[in-house]
Amino acid sequence: MVTVKNAVIGNGSLTVIAGPCAVESREQLLAAAHRVRQAGAAILRGGAYKPRTSPYSFQGLEAEGLKLLAEASAQTGLATVTEVVDEASLELALEYVDMVQVGARNMQNFHLLRRVGRSGKPVILKRGFSATIEEWLMAAEYIVSEGNEKVVLCERGIRTFEKATRNTLDLSAVPVVKRLSHLPVIVDPSHATGDRSLVAPMARAAVAAGADGLLIEVHPEPCKALCDGPQSLPPDEFDALMEELKTVAAAVKRFVREEVLYA
Amino acid sequence: MVTVKNAVIGNGSLTVIAGPCAVESREQLLAAAHRVRQAGAAILRGGAYKPRTSPYSFQGLEAEGLKLLAEASAQTGLATVTEVVDEASLELALEYVDMVQVGARNMQNFHLLRRVGRSGKPVILKRGFSATIEEWLMAAEYIVSEGNEKVVLCERGIRTFEKATRNTLDLSAVPVVKRLSHLPVIVDPSHATGDRSLVAPMARAAVAAGADGLLIEVHPEPCKALCDGPQSLPPDEFDALMEELKTVAAAVKRFVREEVLYA
Amino acid sequence: MVTVKNAVIGNGSLTVIAGPCAVESREQLLAAAHRVRQAGAAILRGGAYKPRTSPYSFQGLEAEGLKLLAEASAQTGLATVTEVVDEASLELALEYVDMVQVGARNMQNFHLLRRVGRSGKPVILKRGFSATIEEWLMAAEYIVSEGNEKVVLCERGIRTFEKATRNTLDLSAVPVVKRLSHLPVIVDPSHATGDRSLVAPMARAAVAAGADGLLIEVHPEPCKALCDGPQSLPPDEFDALMEELKTVAAAVKRFVREEVLYA
Amino acid sequence: MVTVKNAVIGNGSLTVIAGPCAVESREQLLAAAHRVRQAGAAILRGGAYKPRTSPYSFQGLEAEGLKLLAEASAQTGLATVTEVVDEASLELALEYVDMVQVGARNMQNFHLLRRVGRSGKPVILKRGFSATIEEWLMAAEYIVSEGNEKVVLCERGIRTFEKATRNTLDLSAVPVVKRLSHLPVIVDPSHATGDRSLVAPMARAAVAAGADGLLIEVHPEPCKALCDGPQSLPPDEFDALMEELKTVAAAVKRFVREEVLYA
């Protein structure tokens, strides 16, 4: 069970973390924050440092993005999470957000893992896209062994030969992790599928498989997104998805927490 | 929508197909048949011809197994399905069962597909464990192009580097197939995971992802099974799973049909 | 060691099997046959039955193709090999060619394997594109257990996430098979890469890794090929490759046999 | 073409980089260094910082290991290369070795890549074990875009379903990279196969495929190695392999450089 400000992951509830892939502007982030809060998300996500395959792609607003996350949090009461990519971005993130994320590409960046471990900050550890579950748990151990047990594991798809989706979401990882570890496990259907129309069915499936939470990309105007537009949900679709998720969560005896948290 | 005797797949209900991996004896099959019928399964599965990696493994009861399936059907009213592996087994199966199955290893056995197409019999076409969704749909086209539209697609896991499960169940295939094809799609969590304890969470997830049905291995005494014991559910666990599935199905507006069918 | 008419595979020589993916016409096949014989190939390949992903693609000349292979053999003295896809094509192939091939898609078509086993005909067993080496050897066992030891294994690439090549040629399979089995092992760089420009380097590499032979697509006019044109070598490039291969083969103490065979 | 002290990679020669996986002691490293130099290696490798899957495995001698590499270089005249895992290890390595290596796990640690780029030091960039060739080239671009063109790419195996080898060595990557980039490309058969008996055939194959060099693990006493013993060659086997490689290299018109370099 990991507590992040006023949100909890792993206590039997379904915790939804939502927001844009990248923080692009004040307007974009605040619009997203208010909408995901209204819909029942418990944590706001937004990338300030974007590790991109090409050095010539948009790399994020960096410090400016972190400040906007802090502002969004102040306005909405939402806890916030952002990806860190190295020691410098981690140092800064520790000041401005409530939780950090180590991305798939850095899952075995052991130096960064140790540093996150020493920070004591709640952390989402994404599974590397070719990591076995065992390696993923060992990567978590790099954080825990430094004294930080606030680790949330996030399945986000693995590489296979299938081309219809960006990656293959390995939902079996959810019950496998639950058998091997006490750490909460959440699922990111947005990055796994790379396709907006697949986010809702895979989000529902993740909940039914037993996930403790979801990480979902929401953008006020996906077609204008600088990053991952094709997989981001517009706010209206996110509202509809949250309604569906509450029903599925109830069917597997989980509850979505917003009523409690923002009472 | 495919009708198999008194069962229907693809009409908005959740159709559960259950039974032992292999027909091993009269006692075993009848015990399984009565239990899965009581629990709400609509179709009885049982292998009479078992394609096995090694030529020295148990290869099935063949004709004797088919006759036992027919007897189990007569006793319980359940429709039956069995795997066919070549022309001879197909000819015989056409006499004794209501539906045939082309297994993952034969997904691109085009000769067999064409012959199944000409038979006009309802058929489950399993996805090859390294087939892309596109190749799977093209394999279905080999059947349909011979005039047989009664094809049900079955996702059963693909090969990846992950070793914690036998294969990686690709549940994204469910919504992807629904977008590309009008054929019903079901999911086999037993073969995909190879692990009894993962069958229930992945079955629930498959329903939440939108599957039209499930194919689940049930054996009266899994520890004595000649084939796939570790992934077969004992009847009590299957009963419990069916109760869970009804709740999840209702949450995504599907219903389990047994009340209607056996009224 | 497998003898096919006047050719031998697995006696320490490098046996090159070459010819078009599909037999398309008398002119095409005879032109290819004469050119590959001159360049030093020991066996002529040509497909008469083409298992294709789509039922609407060109499926081969069937019986007519087999007769053309027999004619090409009579004119050139080359042994011949063709793919069989079911019992009917096998029966016919047994009359017209010197060796049959079971393709990747049929590697676990156990009925066909057994039937090839009973035929006693030399056979190339291609590795399924998602088969482990262990499964491939077990598939060979289906043939050998019927009394036919004339099995030549052929590595042709496996499915991975890499998109730059059609499949990933797993050359490690060559020394692994040599450690586990006494059967000869050859390599098909044409199908594995799907790209003419990669055939020569991968053919050289296969020889250096210890392969007993190569299966190479050669077409008199690749740009007019009905099947696999992009990966077929025109005869001039095949001539040049054969010269290179002789040098590499000599470096690893193998020899290319044409001088002896056609003396 | 990349020059590393008195060695050159990518000038048409075959450059062999050899040494132990990890620097374990002065005796071990010096013994290895003298032997690989005698056998014709051009560069000495040795790990001082070992990124390991588990935080509880041996993590390397760190600064002490770097000093031993410098001493081995002084004694033998060999250039040296070592893996760097973060900014601190890079800073120190820049003082003590001639070339740095970014390992597979850090291939998309973009912060580290940029820092290596700014250092101007020759660098080996290993392919991530699930990276596409395109992503690998983009990762190299992170280094080059900071002004450092001394990048050598190293194929070291990718993740697939095959279990007979640790990873699947993708030798097609060699000609594919040569078509897309001017950067030299070398191959690491030791890590790819994880099996000493497969190192020689895959090293020969890599040379025949056109690799500019090889990275080979050599340990004076593999059975006592703290890391990767099963895949390390003892010095006698390395001697024998070097003789074989000279023959294969000559067959593809490459030459092994030691005569020139240590004249």
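Lettered A, B, C and D in written order, each chain numbered from 1.
Criterion: contacts are C-beta pairs under 8 Å (C-beta built on N, C-alpha and C of every residue); 3 or more make two chains touch, one makes a residue touch a chain.
Composition by chain, UniProt nomenclature: A, B, C, D = 3-deoxy-D-arabino-heptulosonate 7-phosphate (DAHP) synthase.
As the structure is a computational prediction, the values presented were derived from the model and not from experiment.
Relative to the C-alpha centre of chain D, the farthest chain centre belongs to B.
In this structure, the chain pairs B-D and B-C differ in their number of contacting C-beta pairs, and the larger number is found at B-C. Shared residue numbers account for over half of those found at the interface formed by chain A and chain B, and the copies are therefore classed as meeting with the same residues.
If each chain is reduced to the centroid of its CA atoms, chain B and chain D end up 49 Å from each other.
Note on chain placement: the centre of chain B and the centre of chain C lie 36 Å apart, centres being C-alpha means. In chain D, 130, 134, 159-161, 163 are the positions where the chain touches two or more neighbouring chains simultaneously. The touch graph of these protein chains is complete, with an edge between every pair of chains. Those residues of chain A that touch chain D in the shared complex are 51-56, 85-89, 105-106, 108-112, 114, 128-130, 134-135, 138-139, 141-142, 145, 159.
Only residues 130, 159-161, 163 of chain C touch chain A when the two sit together in their complex. Against chain A, the residues of chain B that register as touching in their complex are 130, 132-134, 158-165, 168-176, 179, 192-193, 197-198, 201-202, 204-210, 244, 247-248, 250-252.
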